[in-house]
Amino acid sequence: MAEWIGIGRRARRCYGFDEIALVPGTISVNPAEVDTLWSLRELEFKVPFIASAMDGVVDVSFASAMGKLGGLAVLNLDGVQARYEHPEEAIAQIIEGDVEQTTNIVQRLYKEPIKEPLVSKRIEEIKQAKVPCAVSTIPQNAERFGAIAQEAGADIFVVQSTVTTARHIAKAYQPLDFGKFLKTMKIPVMLGNCVTYEQGLELMETGADALLVGVGPGAACTTRGVLGVGVPQVTATVDLAAARDFYYKKTGRYVSIVTDGGMRNGGDICKAFACGSDAVMVGSAFAKAKEAPGGGYHWGMAYPHSSLPRGTRIYVGTTGTLEQILFGPALTDDGSQNLMGALTTCMGTIGAKTIKELQFTEIIIAPSIQTEGKIFQQVQRVGMARK
Amino acid sequence: MAEWIGIGRRARRCYGFDEIALVPGTISVNPAEVDTLWSLRELEFKVPFIASAMDGVVDVSFASAMGKLGGLAVLNLDGVQARYEHPEEAIAQIIEGDVEQTTNIVQRLYKEPIKEPLVSKRIEEIKQAKVPCAVSTIPQNAERFGAIAQEAGADIFVVQSTVTTARHIAKAYQPLDFGKFLKTMKIPVMLGNCVTYEQGLELMETGADALLVGVGPGAACTTRGVLGVGVPQVTATVDLAAARDFYYKKTGRYVSIVTDGGMRNGGDICKAFACGSDAVMVGSAFAKAKEAPGGGYHWGMAYPHSSLPRGTRIYVGTTGTLEQILFGPALTDDGSQNLMGALTTCMGTIGAKTIKELQFTEIIIAPSIQTEGKIFQQVQRVGMARK
Amino acid sequence: MAEWIGIGRRARRCYGFDEIALVPGTISVNPAEVDTLWSLRELEFKVPFIASAMDGVVDVSFASAMGKLGGLAVLNLDGVQARYEHPEEAIAQIIEGDVEQTTNIVQRLYKEPIKEPLVSKRIEEIKQAKVPCAVSTIPQNAERFGAIAQEAGADIFVVQSTVTTARHIAKAYQPLDFGKFLKTMKIPVMLGNCVTYEQGLELMETGADALLVGVGPGAACTTRGVLGVGVPQVTATVDLAAARDFYYKKTGRYVSIVTDGGMRNGGDICKAFACGSDAVMVGSAFAKAKEAPGGGYHWGMAYPHSSLPRGTRIYVGTTGTLEQILFGPALTDDGSQNLMGALTTCMGTIGAKTIKELQFTEIIIAPSIQTEGKIFQQVQRVGMARK
Amino acid sequence: MAEWIGIGRRARRCYGFDEIALVPGTISVNPAEVDTLWSLRELEFKVPFIASAMDGVVDVSFASAMGKLGGLAVLNLDGVQARYEHPEEAIAQIIEGDVEQTTNIVQRLYKEPIKEPLVSKRIEEIKQAKVPCAVSTIPQNAERFGAIAQEAGADIFVVQSTVTTARHIAKAYQPLDFGKFLKTMKIPVMLGNCVTYEQGLELMETGADALLVGVGPGAACTTRGVLGVGVPQVTATVDLAAARDFYYKKTGRYVSIVTDGGMRNGGDICKAFACGSDAVMVGSAFAKAKEAPGGGYHWGMAYPHSSLPRGTRIYVGTTGTLEQILFGPALTDDGSQNLMGALTTCMGTIGAKTIKELQFTEIIIAPSIQTEGKIFQQVQRVGMARK
């Protein structure tokens, strides 16, 4: 709904997770009997959760663990994994540094060149665990690493930057031609991030298999503060789902919509699916896993930007194993553990037997209540965030 | 009013207690002369307040005290009362434990099986005080305990789960047939919780005498954070009252609407009646009574869920006797004492001589003011909440 | 604008001071040349500010000081002034007590009977200073004290309770017949409090000369939390101003509208006039004066209620002389000093040469900004509030 | 969009930076290739940033540094620079004083008369650095200093007060006739501040070259709290841009719109341009520069007002060189450094190749998220603010 923000100028009202809630159904379903399958071409995932391509979250062993539990993890080729033979040493420097110096340390560590043999090596290491392997890079490196990744046996290739458009204008360099690039890739390719219908539709037309949705909403991201740019995730996801459904109707090809970032607990994840997501990409929640290389810390991908860092190092603590985070039993009551239990219980409560049914459930606008508990948790988290 | 939250997707704006206020009348009434009667079949209550079926709030002696003061308390058959011969010992473990370990302790304690003889015993103990006896259980245990409770002399039977629908789908087990079950019960039955018109109407059609309204709003409840599911209490109560009035017009049978949870002070309770409630179910307010077994602590019924706990242990402190909380004199000015005084004074100010008149009073949308006092109280309560 | 808050139920959106702002004019005026006169029958006040009938704010010497500066102060006949020969001793007990015990102390002190000779004495003391004298009481005491006050030489009589209606229903006692009572009074009478058009119109029809507007908004008042009742001051003032203008058009008699409570600084006071007020009644701002008997503390009139106290003791500190608070120079920048300077500067900025022009200035809806400064001030005030 | 705020009274909903966000484009542009030029008659600025005429921000050497980096700084002729031969000593007193005494100290220091030779001297000192020189004064001093400034070689003259209208009414003195005054000035003149279409249009008609937009939004300003007057910057900027475009269409003369105040980070600055600004005037951000004379402190121009101070001394700390603040590399991630990098990256992300294109980008209404990080930053800043 467009509102006048001044003379001759209208702006559309957009919504975020905090502003909506889901409505219990007239029918309910046994949570143990709902179907959460997500598929990307012939790949099938019982757990429609993807761990973000963040250095504090995904390394080879995390990817293995995630794959064995039925989900997917994306290894960041532009981070420390392909720059250092022993990435754990670089990570140790980042998490041991004083918070004031972190930006400097991160910027310095990410100046080390990416080594192509390490790209192949990481992929092969993941494949040895007999799990699906996904790796990511920025558009500038897509052609170079795409070929290597495909060669090394990766199952999914992700091309990701803060905002990715099908049409990028530059004179100083030759922008990536996504359509041409995608024709060279035999494995499914995910592109992102995007937040608008038009932007999404153009990316679908390049041949992408899935789109990552989200600009500016993540906990470790300060894009909206630094650039003023960002669309709240509810509206972004609803819009991209509409683009997907239009494109599917027109072409018969189904492009998955993956909400990426801004989900702080099980409730937000359930809402993302209710807005139309096929799968969700999550960082903070998985940074809390024992398997995460960051030891309870994580930081955004735009963080190491040499002149305009957007992101911050956040301490979330290690709260349990990845299995616990995904399947419980939850030892905490804040919605950060047993995310699959939350999703299936939500589906049961809503009366949705499949993700597809969840995507059409009733949403209400219900501003979140600032209860004491919530304020307490925020204060507590703030206290921990900068340890 | 439905708003667009994205392309092709509308959401209805729902309201909570914080967002509304009541308007003084053109006529006012002497508060001492208003009528607050609530009746459930032949049972009559001068105090339209029901104490929640929470282990920190209701035990046998609390139920006796509440009944003698003219109200009703519900004893939870799925909690410690029917699991332990000496439930006070189990409660002591919960309230003495460190807050980090509480979830574990609670989960362990609630694994002890429920003993049928204890179910009968508790009911008989309450009846010895010559007060109305109400007990509650979850749908899975309704048939088993319903018969026992009726036999033992209970006056009201409550079947309650986070969300209860008349139609539950499951292959692994046989869902409770509410219509069939209710035919076996001679005493009034309350069902809940529900939040939508359709869900409520179907529950009324099963033969229920009263419905509990509220999903996700309580202080000790984190359903909305964990599952994303919840409807603010103002809209939920207004909708269920509309369903009640429609059903009454159609069938001549009056089903009471009981707002359950989310009311933090006398003001919220008055608002619940103004939204259409016939009675209110309250947890936190009564946990502060000297008679409450939790000694100033309380915790939600979904808290002990073995793999997906939703709820938390909250410290509210012991602030006075139950009589003081219900009838004053209030020693505090925060609306937590003399709840009946607040209700009758509100009715006098509004010009409502009966609860029925209060149900039709004018409501305004008036976002609550974050005054210093309020912030202070929140900070103070947060400080106490996790002692 | 009415919004649906649930099925079949609409609620009007009301506004408070925090949500609006005033717009600079196309013309501006030298602040030194604007006219702020307020008149009540033949009485004229250059300073359209009335000090609230609160024991922490107004005593005889404060009333003298206020009158000499061109404003008006109301002495509360139901407080300590007419109960104790030496009211300063009672006040000392209230402000020296621990905050937890204040409710008790206040309740005990206000049980002392009111002495009629003290009523006369206080009025005579104020008149000795040759300033206008206003005294207030609750409706139950109006007939008794009205006659005495008139006899003793009071210039204005105020009948005030939380909510006052022209029609009060009671069997246990004979409600005050305002129309009849007002015929017995030769001096101007102010009635309150009220917040709705209908309620105000009926009070005007009883013969009142001015109405006090405000239920639940004051800093020392918790009516909305305790009873759920209250209307934000912007909407209440606009509505009552509309009632005044309608009544004036119909009868030719002008009844002053006095916004009472909820104004925390010069900005809020300017907004009250812009909403249609003829004068404002202020408590907190004057409690900060060296002349205020509360020594930096104040408390609401509903505070000593024996069974349902609504109000709290608030510490605002002593920040300057009454002259400084009214005329500056302000030593602080938070809008709490030089209130007349703020009003005239606002009028100059707006381009309003009289209060009447200010009453028609453009208002915008502009949610207040939670800047760091504001948060800091709130935290700081909270820290002081319960010293 | 006008809403009813009471019977017979409507108010327009206005918006601030916190409530909006910008939307990524379908096309994106290499940030290094966007054009940020701002021109004022024949003067051209690659950096469309103007440092506010505040004593804690701009002195001669700051103005030189700013000019050399491609931007503009305004020296305040009514501040300490033209009152004291050695202004650094006066500034030292302000920043070393206890926060409670600052108002007094500032008021005393600004009572020293302005010396005309110092006006000329400061201008000549800035011109020696071969950078554009801008100086400001209030309307009362405009004629006197305008002539001197022009004579001394200033390039831009700024006439600024809290609210400036083309028509000011006063009997006690002769108001400045802007039209007449502007005819005497050969150099470009900026006027302000204004916030409404009509007010802006009348100021344009006097011959102004640029208008400063903003009443009440700045961090060091408390106009809205003290006077109740203020318009949020999004609506104010959009409205003034509409006035500019109308005036340009009608007359062919382009008057620059400069948003002044209320921008706390790069994001807010980008939003100001998106609302229609041609350049932005910033105080807080530049007060953090090593070159700023305030040593990390700044204070508003209405602060020293002798009887009604509106503003406060704020501590923002010194975080880097001016070059770092403008061009990075940013050592922090909060959007306070590399403002030009933020602007160009925003333009690239939006797909805007020029400021003119940025002025027409899509804006959405997206209430800002109160994340933990943000709350932490606010708490931290509050802690620092009153050191």
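Letters A, B, C and D mark the chains as written, and numbering starts fresh at 1 in each.
One rule holds in what follows: a residue touches a chain if its C-beta (ideal position, glycine included) is under 8 Å from a C-beta of that chain, and two chains touch if they have at least 3 such contacts.
None of these values were measured; they are calculated from a predicted model.
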Across the interface between the identical copies subunit A and subunit D, with over half of residue numbers shared counting as same and under half as different, the residues used are different
If CA atoms of subunit A are superposed on subunit B, the rotation in degrees (nearest 5) amounts to 90
Taking each chain's mean CA coordinate, subunit B and subunit C are separated, in whole Å, by 39
In whole angstrom, the CA-centroid distance of subunit B from subunit D equals 55
The positions of subunit D in contact with two or more other chains are 13-14, 235, 379
Touching pairs of chains in this structure are A-B, A-D, B-C, C-D
Contacts from subunit B onto subunit C in the complex sit at residues 1, 13-15, 20-30, 32-33, 197, 234-239, 241-243, 265-271, 274-276, 327-335, 338, 341-342, 345-346, 349-351, 353, 362-369, 371-373, 375-376, 379
The answer for subunit D against subunit C in the complex is residues 3-9, 11-14, 16, 18-19, 103-104, 107, 162-173, 194-196, 198-199, 202, 215-217, 219, 222, 224-232, 235, 303, 306-312, 314, 378-379, 381-382, 385-386
